[in-house]
Every structure is written in C-alpha cells, then in structure tokens.
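Naming follows writing order (A, B, C and D), and every chain is counted from residue 1.
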Amino acid sequence: MRLGVLTGGGDCPGLNALIRGVIKRGTTELKYEFVGIENGYQGLVEPEMAHPLTLAETRGILPKGGTILGTSNRANPFQYAVKEAGKWVEKDLTEVALRRYRELSLDGLIAVGGDGTLCIASRLAELGMRAVGCPKTIDNDLSGTDQTFGYDTARAICTEAVDRLHTTAESHDRVMILEVMGRNAGFLALDSGIAGGADVIVIPEIPYRVEPIVEKIHRRAIRKRSFTIIVVSEGAFPAGGTQAVAQQAEEIPGRGVVRLGGAGKVLADQLAEHIEAEIRVTVLGHLQRGGSPTAADRLLATRFGCKVLDLVRDGRWSHMVALKGLEVVPVPLSESRKVRSVDPNAELVRFAKSMGTSFGD
Amino acid sequence: MRLGVLTGGGDCPGLNALIRGVIKRGTTELKYEFVGIENGYQGLVEPEMAHPLTLAETRGILPKGGTILGTSNRANPFQYAVKEAGKWVEKDLTEVALRRYRELSLDGLIAVGGDGTLCIASRLAELGMRAVGCPKTIDNDLSGTDQTFGYDTARAICTEAVDRLHTTAESHDRVMILEVMGRNAGFLALDSGIAGGADVIVIPEIPYRVEPIVEKIHRRAIRKRSFTIIVVSEGAFPAGGTQAVAQQAEEIPGRGVVRLGGAGKVLADQLAEHIEAEIRVTVLGHLQRGGSPTAADRLLATRFGCKVLDLVRDGRWSHMVALKGLEVVPVPLSESRKVRSVDPNAELVRFAKSMGTSFGD
Amino acid sequence: MRLGVLTGGGDCPGLNALIRGVIKRGTTELKYEFVGIENGYQGLVEPEMAHPLTLAETRGILPKGGTILGTSNRANPFQYAVKEAGKWVEKDLTEVALRRYRELSLDGLIAVGGDGTLCIASRLAELGMRAVGCPKTIDNDLSGTDQTFGYDTARAICTEAVDRLHTTAESHDRVMILEVMGRNAGFLALDSGIAGGADVIVIPEIPYRVEPIVEKIHRRAIRKRSFTIIVVSEGAFPAGGTQAVAQQAEEIPGRGVVRLGGAGKVLADQLAEHIEAEIRVTVLGHLQRGGSPTAADRLLATRFGCKVLDLVRDGRWSHMVALKGLEVVPVPLSESRKVRSVDPNAELVRFAKSMGTSFGD
Amino acid sequence: MRLGVLTGGGDCPGLNALIRGVIKRGTTELKYEFVGIENGYQGLVEPEMAHPLTLAETRGILPKGGTILGTSNRANPFQYAVKEAGKWVEKDLTEVALRRYRELSLDGLIAVGGDGTLCIASRLAELGMRAVGCPKTIDNDLSGTDQTFGYDTARAICTEAVDRLHTTAESHDRVMILEVMGRNAGFLALDSGIAGGADVIVIPEIPYRVEPIVEKIHRRAIRKRSFTIIVVSEGAFPAGGTQAVAQQAEEIPGRGVVRLGGAGKVLADQLAEHIEAEIRVTVLGHLQRGGSPTAADRLLATRFGCKVLDLVRDGRWSHMVALKGLEVVPVPLSESRKVRSVDPNAELVRFAKSMGTSFGD
C-alpha cells in the first residue's frame, strides 16, 4: 500500500503530530509506503512537489507547530489559479491531479484539512481517486467531529492573551479589545473569553449593539479602578451591519494582501464615540496558529493519524476520522461540509450571562 | 438558599475557577448565599473555619491554581484524627459535622473533591445533610465522568517536562526517567508519554519487566547518538513486585512525612544493573498540581461550578455533575466510588505500541 | 519615617515585585511606614486616593504583572487635565500636590516610573518635596541605568511571538510582520528580532527603504518554500517619511482614543505594492506589558525596591537607583531625562547584519 | 580559515544559538569553514565523529535547547576512559587528539564549555593546538564573565517551579522543598528563591542548621493557613556535615549511575524529626537544562558566537569571550579556571534577609 499525504488550508498546531502518527504506525506496524505531497493540492498539480516520507522525517516534529509538508489556502484543482499573459485566471486542473496521482503510483490519499480541503478530497474521490480524511481547524466549526486538533492550542493562546491584558488593564483604567480568529464561528472567542474572565464577549452568532456594551463599561466604571476586557471574534458584526473581515476578503491574485484584523477596530471606533476611557486593540493574528501544540492537541492529532490507517486498511475510502465522546470513529467525508457555529442559547452562553458577561445583545 | 462550599483531597488546578463559577452565577442570577468551609471537612468539624463567600472573594482567582478555601487530604468526619494524651487517635465526629451544618444554617453542601471527598458527602447525605458534588482529580481515574478538570493541566505540565528532557537527553547519551503522578491509574503517564514522544511508558495497569526495557535501550543505542526517555507512573511496579509508593504510604500522624517519588528510582536501580549509560531521575511531585489551570480546565471547572447549581435548584441532592461527551449532566454521587484505570488493550495503548513505544511487557 | 509610594507611566511587569521589596524590607528591617498613592500623581492631587501600605498588601503580588497601586500615563501636577464647563483644560496643581504631601504627613516620596514620572518627581523636589526614584520602562530607553525591569519580560513576550510566527510562516509562503513597542527606541525590536531569528528588523534609529526589504524577500523566495519574518518597531519610519505612531498621538481628552499599531501596517501596505506573497500583520499591543514578570525582572525590581530604601536612609534625596554592571547604585534623578536609543553602528547591529539580517538600509 | 567547533560539559540552553551565530557570521561574512566535532572531546579522539558544519545545519536551531553537536561530561583527552580487558582505565590520549586536529586540517578550535572544557582547551593550546573559548554553565559560577548563557533559562525554570509550588502549598499546610542545581555555587537557588518568594533558601556558601529553619516554619504556622517553601541548592549541606551530592559522586564506569537529588532529601529527613506538617520534595533534575532558551540567553549566546570570531580573526588565541557590563570582551582562557560563588555578605543576600527570608544560619 502506497499512500499520498497532504495538508491543506490554514496552518494548525498538531499537523506534524498527525503526520508523525501516520508515518510511524504506517511504516512500523503496517509496512505501508508514504509520499509527502507539498503545499496541499499544489503538490498534486505542480511537478516535483512530492517526495518519499520516511521515519527519518518524523524525528523531532511531534512538538513542533506548522507542517513539514507545507500547506496552501488556495490551491484547488477544480479552480486552480494560473497566470496567463500576466493575469491570474482559474482553471480546472483535476485531470492533471488525477494523472499525477497515477504517476506517483498511489493507492490512496490521506487528506488533512478543513472543510475546503476535505470537500476537494471527496470530489476527487468521485472522479476515481481513493481518499480518506482527517479534519483540522483551529475554529472548531466542523459538526462532524466533537473537536478538532489545533483548537485547544489556539484557545490556550487566546486565553493567555486575555490573562496578560487583565494584569495591565487592571493597572490602567482602560478598555482592552482582543480580536481572535474563528471565521464565522465564535467558539474561540467564547471559550477564551470565559476561560480568561472577559467582561464582554462578541461573536458572529450574536450580532451586537454598542449600547449594552457601553452600559456594561459604565456600570464597571462606577467602581473606583475600572477597566473592561472585551474579546471579539474576527467574524463579529453589529446588528444590522456586515462583517469587517468580509470586506477584506476580496483577495486580488497578483498583489500582496495585507490583513490586520477588522471587527476589533470597528468595535473600538464605535465605542470611542461613547466613552472617555482609552481603548487599546490587540490583534493576535497568526500567533493563534503558531507555536507548539498543547498535549491535548498532540494526543488528538496522533490518534487521528493512527486511526486513519484503520480506514485505509479496512477499505473505508471516502471516510474521515472524527472524535465522538471519547472515541475516534469513521464518518463519511461528506460530514466535513457541515459547519457548526455557537448556539446563542447554548448552556455555556447562558452560564456566561448568568455570571455577568455581556454579549452585547 | 444558603449553601456551604468545601474543597477536599489533593490540590487540583481549576478549583478556584469552579468556586468562582458557583459564587458568580449563584449570587448574580440565583440570589443564593454561600459559606466557605475551610480545609475540606476540617472546616465542618473545627470551629471558626467557615466564613461568608461573596463576589469580592472571587476577584482575580480564575487563573490561579490552588483553592482559596484550602483543602485537606485527611480530614474525614467518620475517622477524624485527634490528639489525645500526646497520641493521634481516630474518632467518629459526624455528629459534630452535622451540628455545625445546622449551626451555619446551611440548606445544602457543595462538596468538590475526588472519590474520598465525594464518598464522605454521600454518607453524610444519608445522615440528613443535603449534598451535591463536583468531581475533581488530576489522575482522571473516576469512571463516572468522561474527564475531570485538573487533569488537562497536569498532563500539560508532564508533557512540557518530557519535551525539556528530550532536548537535553538528545545532547547526552542518557536514560532519562520522569516519574509522574496518577495513583493507581496510568492515564497521566500514558498521555504525557505519547504527547511527549517517550520511548518507554510504564504504568500500573501493565506490570513491567526490566528485560524488554533494556532491550529497547540497546536497540536505540545501536544508532550513534542514543538516548532514551522513560515516563513512569508513580504507581507502576515490576511484574511480581509491589508498588514502591505503597511502602511509603504508612503515614504516621505526628511526624512529618517525606515523599520523594518511588517507582522511578526503583526502575532506575534495576536498569543500572544492565546498562552502562548514565541514568537520571526527575520527580515532578507537586509541580503537577500547581500553576495556572489550562484554558480547557478553567472551562470545565467553570461549567461544573455553574451546573452544580442546577442540581441544587432542581433538588437533585446526592448527585454530582459529570462530563458526558460534550454535555455536563447529573449522575448519582455514588458514581464517584467507581474508579477507572487504563485498559491495557485500549486503542491508545495499541497505537502507542504500533508506533514503537515499549510498555515493558 | 513615613513614605509615599507611587507608580506612574505605562504599566510594566515587575512593579509589584518592586513595591513588595520596598514594603517588606522597609517594614521588617527599617520599621518605616508607607502610604500607597493611587494612579500615579493622580493620587497626589485627587482626594481619597491614598491608603496605608502594609505587609498584608504585598502577599502574593510578587509574580503578578501590573501594579496594585494603579498607574496613570497622563496625570501631571504641572499640567493637570481638569474638566471645566464640559471642556478639558490643563492646570498647574502643584500646590495641591504639595499640600496633600504635607496632609499625609509624608517624609518623602518614592516615585517609580519612566522619564516623565521621574522628571516630575525631580521638579517637585525642587519645590520642597523630598523624593527618590526607581526607573522603569519596557523600552529600555533610559541611559542612566544599564537596564530597567520590565524590559526582559517584554522582550521575552516579543521573542515568543516571533517563535510562533516562525512555525506558521514556514508552513505557508508568507510575509509575517510583527509590530512591537519601544517608542523612539528600537531595543525591543532589535533584541527580539535577533533572539527570534527574524529576517528583517526595522527600527526608528535606521530609517528604512522598501527596496532592500523587497530584495531580501525575493532572495529568500528563490528557495522553494519561502517565507519572511519582519519585526517592526512601533516608532520605525521610512527614510524621508514620518512616524505613523506620531500621527495617532494627538490624543483628544474627552474622547476614547483607539490605538492599533501603525508602523507595521504602513510597511505592509508598502510591501504589498511590490510582492505577490500574502502579508499578515500582528500587533502585540499591550500583551507586551502584561503577564507575570520574568525571574530576571523580578530580581531587578526587588533589588531596586530594597536599594531605594538605602537612599532614603542615607538622605540621598533627588537620586534614583540604577543598574551599573552587576551593582545597583544611586545616580541623580536628573539622569532619568537622558534617553538612550540603538546606536546604528552598535556591535549587535553589526553582528545581526553579518548573519544576514536586513535592516532595510 | 578552517575551524573546529565542539561543545563540552553539561548541557546548557543556548548552545545551539551560539553554534548558529558562529556558523552564520563565519560563513556569510568571514567566509570561514567549520567542522563540527561531536560529543565534546570524544569527537577529537574517536574516529568518524567530525563533519562539515554548514548554514543548512543551523536552520531552525536557534530556539532549541541542547546542542546539535552533542556533548560529553567525561571525555578528557588527558584522562580518557578506555575499556581494556573488560575494565575501564584512564589514558592520556592527547597525541591522538593533536593528530586528529591536524588530519582535519584545522586552523583552530572553538571550544564551548564550562571550566573543565575550557581548561582542557587551554592545556591543548600549550601543546600546539590553537584554541579560543566560549564560557557556558547554568551554574553561573565562572568569575571571568559577568554572566553565562544558560543561567537565565535555568533560573527561569526554577522560578516557575517555585511559583507552581506556591499555589499548591497555599492550599495545603505543607512544607515544600525544591532542590535545584548549581554544584558548589548557590546562585540558582538564591536567585530563584528570591524571584519566587521562597521562605527559606539553603545554599552551599551558608552551611545551614535545622533549628532556625524549624523556627521559621513554626513562626509561619502561627498564622492559620500555614505553608513554607524551601529552595535548596544541590550542593547545600548542614553546618558540620558534608555534601549529599558528594557522596553520590563516586561514579563507577561500566555501570549505570543513578542520580536523584540529595540535599533536598537530607534536609527533609532532618525537618521530619521536628515538625508535624507534611513535607514534599521535588527534584527538578535535568529539566533545568532542557527546553528553549530564554530571549536573554539566546542573545548572549549569539553575541558570544559572533564575537569569538573576532578573537580568531585578530589572532587572539588562548582567549575566551566574556560579558563585562554591557560589552562582550576577550579575556585569557585561564580566567575560566576561576570559579565564583555567592558571597554570604552580598547585598542580595542581605536584602533577602531584610525581607524575612531565612538562610538557616
């Protein structure tokens, strides 16, 4: 059995632990061979971006963030960006990908990624490739699995940031805004806001109004040494408004795209109209994707990596691994398309409100 | 409603987050009153060890390890150690505890602790007290709940220790032994061993022989720059032998008791008979219980703290909160008596073996 | 002897360790009394912002960031902002400050702060108050002392951020820009850039041009998996241009002031004109001032706190403590006015260049 | 110019940063060639333990603990342990070392290590080899340099351990003993004890008596929730007694040597005779040498690595680099023989005592 392995989508702590699990178990116990495909699907389209993956390559990578295979957010064989006459156009290069798959003598593909990457794997499988998947996202927005690796690390980084802002906000009388990732899902903001004891949590699932937040700040200011910590999800937006991040999303191929938050600055500007206190915005950005994965993420990633080989061995193609309770089980790859977001009436949201946290609603 | 709150048993990161959840939700939303009972059941037996618990006391405690209420490993009203004529004797002081419960005008007790603490709560409930519980242990050895808070933090600390030993072991040609906690359960050693990429993991559930471990070390030594990382659970023991920690357990009241590991040193001495490499033993000890809880533990503890008030409100006395999948649910307090240990045939153990890890069996 | 203690200027890790040193040594050994003055000089102007500082208040504060006394960036008795008829105006309230100093029966003032705070102390001393000082700044831009506490912590946080960006930048082909603090001094960017192995370091002392940075990025891009890490000091600016941060500096009293970086975004926008790679900007903001101080900063702050009492005891008013080599010594308060910046020809800059780092010059 | 590079003695965070500095500056700016000699002087005696060191090898090593060259505590060409007829004997193999130096066509040797390693370099230099040195020790016990890299990291790890013990000791009524490294010097214990706020600090330079420590514990116990944190240097010993660690030092070649602290356990057993509280001992062991170096250590190591090349370029053989104030300067290699220990009357010791810390004297 000879398997290709690729990692696609946004970078995510734990990818290397997963790759190590696949190679160590696959090589040692199952005697499979592996081919590393670089930069996600780009390595399946472009030449010379695939190489044998052996035990030697897994040495020391367990605690390392990132992915030794590289990744790509954009490389999609169905809509592949190529430069023609100085302009970027999108082409269907699935034929190239399928040909390369055969040229590499692969018996199957292990695709590790978020909804985009796994969806492409699912569609390629319909065209004749054999594929299994491992879900991955720091946003925790996939409904097919109880949790994904990478999320715990991102949450820990965001919580540490809230802790740090706490000590300094307490010394000044300030409003501190922390913008965190999460795309359209507020899990990261919700969890790190609660774990860090934020006063206000703003998430996409609960469009906010400025007034309740201003009121919360004023209520706190009545006490002598006042400060307010606000955690904002990058996808949050005011009731009746639109996502700031959406406006940045028109990425023009052929020109460097600059990203520096959005929702946090929008909220800060709104608050500045109503309050006198100084407002400071911190945008964690890619710090949330970097660094060594937590023990929990290394374990989950290692389990995913070992388990996905059971799917291969048992011929359960077009399935992916998923965490259900304490077990890692196979579910259809199509499950990766179902996204999840915070239920505004979830028990955790209710608990946070009952402890005095404002969601701006 | 006026509730007593106590924390018993070994210290555990997240206790303060739980207490904060209880007080913040209980005071703000439910308008309950709370009495903090100090040093576990000691505060229910001794005078002047109970005081009102208000919002003010919860300020800033969320990220702090330890417990603002203090705890005690030994105070058990059913067998309470008292000094009589210069000697320690055990007495049944349940009547005192029940009287104090009434004197404090309590409508119920929230007991936070491991199997010992919760079992006492359960027995006191049979004698007329009303009690609910929150399970807690860094050992993760309670079968009534999928996970307990504190465990994730302890696992993170152990994993960080394995990481650190890795960098230095690689530079020397050494056998590094790390002894971690866990009592009779090997979860901490298993999880941190896998998350840190240990070469050998020794747990109580799989009695070890020295020979396979020596063989593993020699197999590694064939490669030029050799080193071996071994994670040992404090409760581990050789096949046919007994637990080193058990021998230390005869704690004599009235004399300071010194603890400094056990199983790690035993294994080191055994290995020293067979190998030439230097062997170094690190005993993490109470470092595993200290420090700021992880985001995951703060969340779980906060959920436990908020949820246990639902049990009170709904009159579900003699129940405790438990994590089942993604939900926190009530289960009978008696569930706390059922301990859990690592299944030697668990998928995670098999995966570790398939990746080349030795368990000494 | 009865001494007032105040902390002024931007928050800085180690302030609590210093306060603890003052109170513990002062109370235990020297039998002095202390009065905590809140929010910097605000507590010397406004009523009811001063209270006795005792040993009890120092419990547990050693490892905590922030300052239990609060601080203020703006409160200056010589130009004190007061609201008159709905508008903010600046008034000279030194008479009020001197009166309060007498009303509190103070024999002297211990002022802890940066150039601003210490300069005010120096001027108040000319008006009859007795004052000694402890220098503090995360920017390390005071020439009167070899190093200040807070700097090591800020540098550690920035370096950790560079580490995290490294792992994720390596996985994508990206330009990662990290904007750090430092005001007009590039020490934080220089040190954390070297310690984190940044490819480009941009500091105020070396005005940058875009071309050499673009060239550096392209040289790296020739290798297959390219990425570039750039650390930018908040005060950096293009040759011939002005400081972005300066433009934000017109703080309008009476309206919330929003801060979200500057120099990093400016550079990113400039680079985007020349390169195709994605560019991501992270602004650490107040994370650099928060969190637990490093061991080195706790030690230096504790030494400053203990040593400043020698100055009081010896009647060396109008002096401040300073680190010179391995010793803490007294220097005149006027030394605090001399700022320091990175020498563009410093050995460390030359070493960085010799290892291949670009400074954009 | 073709230079050998070796790292000897105990492992130390920052060695990789130093190696990287040497190679990056040496290759890029100075066009030197480098040969990596493995496992300290072992690589200069044994065959096939030397290989070219290029820029490729320095990739990603800056934040990593350990040393890519390996190290050895024991390999000394003047007394080299060889096995003859099943027994270990010591031989003078300096001729072999000098021959290998010539065979490798080396123009000089860069030796990185503590007093042992540098002393050997100095003696080899007298025999015709050319050598320069970089001092390294986590014990900070070299008088020739104000500080060595590695020390700041070890101190940070010890301080973090004291912090963790604090939170858990506060919850129980316990005596927590932390044994740290330092050989015959108490710097690590002193600094981390002060930075962590330990109640008792025991160092080799101040032989301790049990009585004052017991008294300190009792004085604290008068307050209701008592606990005591004791930091013990591994080399500490009771007045009139001997070093526990010394007794372990008879390392028998040919048999695995087990190390598990010493001074901490000795003190614990002594205290147990006098107090009733539980006593727990933690031995940090090699955790103090592992993990990523702090920013300060990476900087110092990088500066040492770059600067030592100035010595080579300027022909200042038989010198080593040293930190003096803010500068890195050359000093004679012979300076490495002068060790430093804590002055019992140092200001820092006096300050600690003035704040209430007991040294057991």
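Note that in this section a contact is a pair of C-beta atoms (placed from the backbone, for glycine too) under 8 Å apart; a residue touches a chain by one contact, two chains touch by 3 or more.
Worth saying up front: this structure is predicted, and the values here are computed from it rather than measured.
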item	value
For chain C and chain D, chains touching each	none
Angle (degrees, nearest 5) of the CA superposition of chain A onto chain D	180
Most widely separated chain from chain A, with each centre as the mean of CA atoms	D
Same or different residue numbers at the chain A/chain B copy interface, by half rule	same
Intercentroid distance (Cα basis), chain D paired with chain A, Å	41
Whole-Å gap between the CA centroids of chain A and chain C	34
Residues of chain D touching at least two other chains	163, 166, 292
Topology of the chain contact graph, where touching chains are joined (line, ring, star, complete, other)	ring
Touching pairs among all chains present in the structure	A-B, A-C, B-D, C-D
Complex interface listing, chain A residues touching chain B	21, 24-25, 28-30, 62-63, 146, 152, 155-156, 158-159, 163, 166, 191-192, 194-197, 292, 294-296, 298-299, 302-303, 306-307, 324-328, 347-348, 351, 354-356
Chain D - residues contacting chain B, complex	7, 11, 13, 15, 38-39, 64-67, 70-73, 157, 160-161, 163-173, 175-176, 225, 253-261, 264-265, 268-269, 271-287, 289-292
